[in-house]
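Structures for review follow.
Presented sequentially are two complexes of subunit A, the first with subunit B as partner and the second with subunit C.
Moving on, here comes the complex of A and B:
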């Protein structure tokens, strides 16, 4: 009976080989067809996000913002019904790719959006490269998505990591006169990018040194040894915590518990003091600076309308992640409107997105760079403050208008530099390439609210 | 080999299942095929773990590290150095063998719970190294842009071709592993599982048999890793994190750790549950967890165990359709594995 088994296996092998040989020309053209919308008058938007895992807070905020924009439009755009399909990737690359494949291959989506973390965005953008489906990253801030790995189907209406931090570093060095900063960061692409922007801005403004220590994200909840090794006697002006989400909550809590907030100033990157994590932080951090593209007390009619609507729908105040999702989704809907619902030509859809008027964006006027499809918008320097009801919020103090992802640099010069990592940019400002220090200042610091 | 004896109906069933699998891309959508590719590469991984558990009685938590290692080698040499087929793939298997040998000669000195802990430590060391090494392995960002090759004019970027290649590789590998299990080596391994001391007394080189079994299992994990890297196009530390290892262990137990085909059945069920339930509810992890729990609670021998018990039960005539002759045979021989 061994012979019988061998016979069967051989038959199967031969059949499969024959079939694969014959099948190639017959089946090959099939996937080349563009994914057609499943039903007439229906546009499918896929949203992939980390609703569970380390950044679930941002994922949740992102979802709420996107849903709010869709509900305001009544799930209709350009005369067609909009269907939103959400998938959770658990902040895992294998899941992110698998869920993108599910959206593309099974649901036949027309537009892909979402993405919370930087690496997630890079992975999904890499997979989507040859799919001819527009990709609109929301909170994912790795600059290479719209720089070195840019492809024409990407439209990012939000931000890159370095965008806000470059302004922040420059501001600290020029306005505060700080010379040395001690940076503790999460060891992956988004904090590298934030740190890179910070170091460039800080050194250009006249700083001397940004000492950096990196630790893998989510690997520990005990930062006491890392905090204890902060050198207090070496003239550092501040500690920059370059991380967000659960790690930031743990770090900042322990920083305060160990009494370090009385010994040295604490500043954060864009996510460190973001809502909803800010609600879990101790009130002792009042006065800590951080930069972002939103501020909680932004007093413009657009922001107030958005805040009110968000509060009414979800019972909480919006954060940057929800604003980014809201504005990204609105760009998508307006582009579909502009094309009267005919989105069969994806290049035309991307062009329409680039032409969308975003001057009424809640976070301030935004325009899109036609070459790299990245956003140019306001950056706010913010300070953690205590509201009358005792809760913490990010109070804006300075505004810088029209900041692009390249900061004050010429795109060509910028792209010649290595990718931001945990070894680049150099820690000492004197080791910087001169062209990165010489760029003329184009930032104009306007008092917040004016 | 007994599963073929006097059982033409069952053989026909297997042949039909095989043909259905081979013809799969012709009658289902692209995503179903993608899901089957996932089942195949996770099947390799759980087969690797299930082989060690079922045949050798060794619960190893290092297998995911081998899975990731071969992916990293593909990324490093196939993408960054630009080597072409088959060099990155051969190097991946070679690297997996070397690492498995190094780990094996240390880990095989231990048994039971100590073995579990030491393999857990190995797996975690690999994960931490991948996460923290930013100069070569790119830390958390991982290596992107891994794509299958075009070999002899066949473009494996087409999902159908990739599926058929994976399927052929899978059938071949499963068949070879099945033969290994039934060979004198496999039986010696089973003996070591039951009583290592007695096997040593008889004169078997217990230590080296276990090391070789570990190497074989590592190659299977490595093969899965190669397919996974090509299919996802990216390799990151999250691929080899502990939660993945635990998930694979669960699939092995779900299918039935003591059965040869248990890990494959378990993986197929787990992957499909994930696909089907995540589309229905956001709390899909909870639902899947409860299903896992129920199966393990009512059948400690997994899903195959359920069918096995039903088949042995005379009252269930419907499930005995495929083995009406076998019933007597089973009663006579009382299969243990």
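Moving on, here comes the complex of A and C:
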């Protein structure tokens, strides 16, 4: 019996290794002659994404956005053919590095992009540090990729976790007058960064406390015990669910099933109510707030054109993840165009990316910070609403323009603070360093659509 | 505070319900056939996805439960008859075959179903908020507990009150003698494997309604079911009941009081059992 048991355990381990090594085939179009060096007049872009696992929804949306941008350009830029090679890392950091290594060493890619989750982005950015290949993280939002771990080959045309959440926290504290929020979060870098941004904004705006509870992502599917532990009698204004993907679906569903939506307000981080997972959520959450750099009812010519094209190609509405991928891929293509296809000098390629005009970006005008190569753009405060056909969507209510990854803070002061984690920032606003609370407000809340 | 503990216990029981339906099927197949079906998680997932499609097409949840369960049972039958039966008694080929099956199923799920988290819609009449002793709790969770108690009782009746069950139990103890006595052990193997697949399919529909289904979710489910049968003792029905209740409560209370460590907590009983009583709480030394 013992022998049998050991055999099983061994086999399970081998299986899990095999499973992760083989990955899931046929996710992407087959790479063109993987081992061969790039043909003359061909530029290879590698894209790593989590097409399976907890955040598969974001990975899929990201892929669709990137492919749309390439198809609009006919897979051509600067007179050269663009080849996209996609790899699934199953949301596993080691896999992300293995796959990056494969793309760099075997496929000899010229540019690396993709990355859905925060940890994944940090791992890949670290591996790519000395490879002299531009890295363009798409949805991965850990701020340190473009802050403390920044290296000159990185260009992030999208966001950081804290960027939208600082605005959100500040808005809730100043406009809603909320004082205490109970946060339940996934325990890894991206939600820490989102929570950190939220807590800074909330405290700066006059909030008192953000009590935080963390659990590892994907480890549980039943949050009802965490929900039952929310202290309803201690004057909290809202529960912030700081997680996304499959976890958010479970959490929100159970929150409603246990009747908590009638007892306390529910708010989300940027991903909690994002499409496509929003489609799996109950309509009882209508009215829940969250911030992001897109809103489903943006009504600008740029967004409408993008939305229509996306719908035509993929048969559904775009989400932030697809917009980010579309916009990142467009920056890459435009930079190659600007260089007339000569990308032998990678530093020149990065410079060209930074100079790309992003004022026509679907989500609103974006500019890039020349020092940290990070995006400055609009943040929208959104509210879950019900469309005429009964589906849920994120309706914009307020816009704040030109938000940088440092928010209203002086970059040097900001970088002196510890990295956001599950114990920093402090839960009580009174324990915050005064220099963070005193930063002058630069956010101007404009009614959405104005 | 008291109310909170009641909710925690109920949550633990809900978890236990799903763990039991998963674990009992696996433990049954293992006890008799000595084959650990590593495709159990994939069976669960496929059952859930099929159920999802049925709910989407017809809106009929009970039908989804039946279709999900029966379809997987049929798949189990085909797999047992055409493949597993050929390598009977050889541990490694048997186990590797189930691994291959699980990979094929997960890829098929990726092709046919959304790559995002999906969840089966339970109709309102099956999920009314039920207030008992001043506590409102989702009705569907009570229903799940009831279904799993029903399954436990049915399994007990089958195993202890029917000729088939006697043959199965005898087979667990000594399969050579059983076949020497003129009982068609191959037929019994097929029946037990189909039963085990049926339970995995049912668990998939239940789990997909109470939680969600997402690509790659099969490995998590497989891990949990293995923990259930290792703690309970492989081949023991009572073991599956007790260990799923223990693990369900650990998951529930762990999430309430130490959420950061909740995932590791469920492996503690497994480590303890492996160290102190390797045959499992109710497993027999063989």
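In this text, the second predicted complex is superposed on the first by the 413 of 450 C-alpha atoms of A that agree within 3 Å, B and C clash if a C-alpha of one lies under 4 Å from a C-alpha of the other, contacts with A are read in each partner's own complex, and residues count from 1 in each chain.
Criterion: contacts are C-beta pairs under 8 Å (C-beta built on N, C-alpha and C of every residue); 3 or more make two chains touch, one makes a residue touch a chain.
Computed from a predicted model, the values in this text were never measured in an experiment.
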>> For A:446, using the defined touch cut-off, is the partner it touches subunit B, subunit C, both, or neither? Pick first, second, both or neither.
In response: neither
>> Contacts for A:422 in the overlay, against subunit B (first) and subunit C (second): which applies, first, second, both or neither?
In response: both
>> With both complexes superposed on chain A, which partner does A:102 reach: first (subunit B), second (subunit C), both or neither?
In response: first
> First (subunit B), second (subunit C), both or neither: which does A:259 touch?
Replying inline: second
> Does the superposition put A:229 against subunit B (first), subunit C (second), both, or neither?
Replying inline: second
> Of the partners subunit B and subunit C, which touch A:283 in the superposed model: first, second, both, neither?
Replying inline: neither
> Is A:250 touching the first partner subunit B, the second partner subunit C, both, or neither of them?
Replying inline: second
>> Just to be sure I read the superposition right, which of the two partners does A:57 touch: subunit B = first, subunit C = second, or both, or neither?
In response: second
> What is the contact status of A:127 with respect to subunit B (first) and subunit C (second): first, second, both, or neither?
Replying inline: first
> Can you list the residues of subunit A that meet both subunit B and subunit C?
Replying inline: 1-2, 4-5, 8, 11-12, 15-16, 19, 24, 27, 51-52, 187, 216, 219, 422
> Of all residues in subunit A, which touch subunit C in the complex?
Replying inline: 1-2, 4-5, 7-8, 11-12, 15-16, 18-19, 22, 24-27, 51-54, 56-57, 59-60, 90, 187, 213-216, 218-226, 228-229, 245-246, 249-250, 253, 257-259, 276-277, 280, 422
> So in the complex, which bits of subunit B are touching subunit A?
Replying inline: 1, 4-5, 11, 14-15, 18-19, 22-23, 25-26, 29-32, 34, 38, 128, 131-132, 134-135, 139-142, 144-145, 154-155, 158-161, 164-165, 167-168, 171-172, 175, 228, 232-236, 238-239, 241, 244, 275, 278, 282, 284-285
> Across the complex, what residues on subunit C touch subunit A?
Replying inline: 4, 7-8, 11-12, 14-15, 34, 36, 38, 91-92, 95-96, 99, 103, 106-107, 110-111, 114-119, 127, 129, 136-138, 140-141, 210-212, 214-217, 219-220, 222, 226, 230, 234, 251-257, 259-260, 262-263, 274, 278-279, 283, 285-286
> Inside the complex, what are the residues of subunit A that reach subunit B?
Replying inline: 1-2, 4-5, 8-9, 11-13, 15-17, 19-20, 23-24, 27-28, 30-31, 51-52, 87-88, 91-94, 97-98, 101-102, 105-106, 118-119, 122-123, 126-127, 187-189, 216-217, 219, 421-423
